[in-house]
């Protein structure tokens, strides 16, 4: 059974500097995978490589069995990949509602209103701030908005780049709880990049460890957590 | 007092032209951070197309609509064929490309239609019922047509999906791609709409300033002043800037600096706005990345 | 940012000498009309040099140098016709006036960068003809009709005819002007200007008084362009407001882009280009030269942003100038 997302021997560079070296990675249908590593290990680059955002790649990237490397970002998104980028990418000048509508801008089905309601269920604060300019929301609210917007795409695969960044722990727990629910209820596969290793390990079913652009370890969260050197380097124990 | 009112209202009419041009400039600036120096020439060329249609016997308003369609396609074509290839270049390169376009379109018009001035008809009859002592029927028509076009543009952006997508693409191209929007086509559409706005301005202005390849050079100057005054990145500010500049042009021309220095006044406005408040009346401050 | 590399004189010198010799001999070998054209080329070269100083070396865009060309022309002509100053004395005066005007304008737009500066200078160019037609100045400027001049006559009619004399007069001024520019660019001011071009904020942080330098560069650029305008008036024998529209500024831009914005050497190529193309293209249509200019502006930006000089340089020459820190333009 082929995985939903496969990376085979992916190299990636920004200009002259190569960041990823021969990365192999798989996300199964319905799976939740974490990509961990220190700062600068290439985690964000991996997500950007998948969506072809300003990175030159070599190697194969397959989604649903079809190759997507080299295709335009918007075409990759249309195949069913939602990306919550580093920095959130909120449309700051537009309202919360417009941000959400933009998530669904490519959809012509009738389920959009229903999805909005569901999204409000996960993140009620968005309904409260529906007509506010997105730039006036707090960091945490913008993070929720970014995730919600990606959900509105109704993607098969959700890429999240450091969803916990700069957020209060309680908020992060709530978001991660929601992600778990979404994964179960909507069968949405997820690839999560995180610096907060501990939380990620509790959430996902598979972990990859990235170090200076190479995958140095992969496996079940329990296995990774049990590894002494990993714990010392990444879990601060 | 009568004279003042006349100048004021005339200024509003003239300002309608500048409002359209300013909005076209702002639309392109918002999406690309470039100023379309060739905006005037696009408008002029479209007006010549209208002229050709009308002299071929096509009724005015049909020619008007056909010209709008032409100007839309023309704008899209220019973006796709030329501008698109320079999207990542520096400001200097972009300016040079725009000047190149200006000159090409200007010479195309000169070649196809000659440099002799021509008259252009107004669809608003000289003695029509809606003329007043202060405004000729054409001036009333200018204002009404412009307001209708502006209203359509604003409603489009506010309430349609495509309008939302275009706004998104202008605001944050990267995030727009992440929701599946084809950003470069949104830019092309923006250019098409700017072409339409320019064509409206050209056709409304031509009866007064006469049709010639260089007819828009004065208008574009006021268009720049209006766009800057309203805030170069603010679509709401552009029409307001346009009307203010129109009124200012008339009042200052009649009472302050004389008609011969009206353009110098526009220059002064441009320099003053850029020096003291570059974001204009309603724009957001421009931050320069270190 | 690296210091400019020393000139590879061994490469450049023989060519330079040959060029100089050619310039001195040619007026005796060709018809009067061609001498007139060569003189005009020299004049344009000085104007394009003015533009290059501004755009290529300090990164400020000007679409308005035609206004200073006009100013130089009018100052000269007014002095000649209304005050009786001999023609050969007027270019220095025009130079001073244009420096002042350029400095003032540069000061008032000192805070403007790139696009906005281009806008302001574009506006200046559009306004200039209207300004020159103003009734209040008409007694001096001749209003819309302009002024006709008597062309300068040769003091040595046996040796040089009028056209040849004017050619050498302009040639002398051109040499002086180019040598000064060359030395300035290689010196401290030149380096500061390149710093301004490449990293304006860092330059300011290092204590380079940006507005002052910018205004001064504008002044120098205007000065050179004004000298060119002054000489250009002698060559044309006639000036009027409509000879100095935005299209003139655009012509200078074309000359700079085609020749190479950063190169002093390229100015000659660019000047020759804008003088000779209309001659050739006008046979097809009045509009043809401009169509060619427009297409070339775009093509050059696409294919050779450093112009003909850049092409030549990358093939052979390495003249000392400050494109060593090559910015992507």
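A, B and C are the chain letters, set down in written order, and residue numbers restart from 1 in every chain.
Everything below uses one rule, namely that a contact is a pair of C-beta atoms (placed from the backbone, for glycine too) under 8 Å apart; a residue touches a chain by one contact, two chains touch by 3 or more.
Quick caveat, the model's predicted, so the values are computed rather than measured.
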{"item": "Identity of the most central chain, Cα criterion", "value": "B"}
{"item": "Pair joined by the larger number of C-beta contacts - A-B, B-C", "value": "B-C"}
{"item": "Centre-of-Cα separation between subunit C and subunit A, whole angstrom", "value": "56"}
{"item": "Distance between the centres, which are taken as Cα means, of subunit B and subunit A, whole angstrom", "value": "43"}
{"item": "Chain centre separation in whole Å, for subunit C relative to subunit B (CA means)", "value": "32"}
{"item": "Junction residues of subunit C, two or more chains touched", "value": "none"}
{"item": "List of subunit B residues in touch with subunit A within their complex", "value": "161, 164-165, 167-168, 171-172, 174-183"}
{"item": "Parts of subunit A lying in touch with subunit B, wherever the complex brings them together", "value": "51, 53, 72-74, 77-78, 82-83, 85, 89-94, 98, 101-103, 105-106, 149-150, 153"}
{"item": "Contacting residues of subunit C [partner subunit B, same complex]", "value": "55, 59, 61, 63, 108-109, 111-116, 118-120, 122-124, 126-127, 130-131, 133-135, 201, 245-247, 250, 253, 257, 285-291, 293-298, 300-302, 305, 327-329"}
{"item": "Residues of subunit B defined as touching subunit C within the complex", "value": "33-35, 37, 82, 85-86, 89-97, 99-108, 110-111, 115, 214, 217-218, 220-221, 224-225, 228, 260-264, 266-267, 270-271, 274-275, 278, 288, 290"}
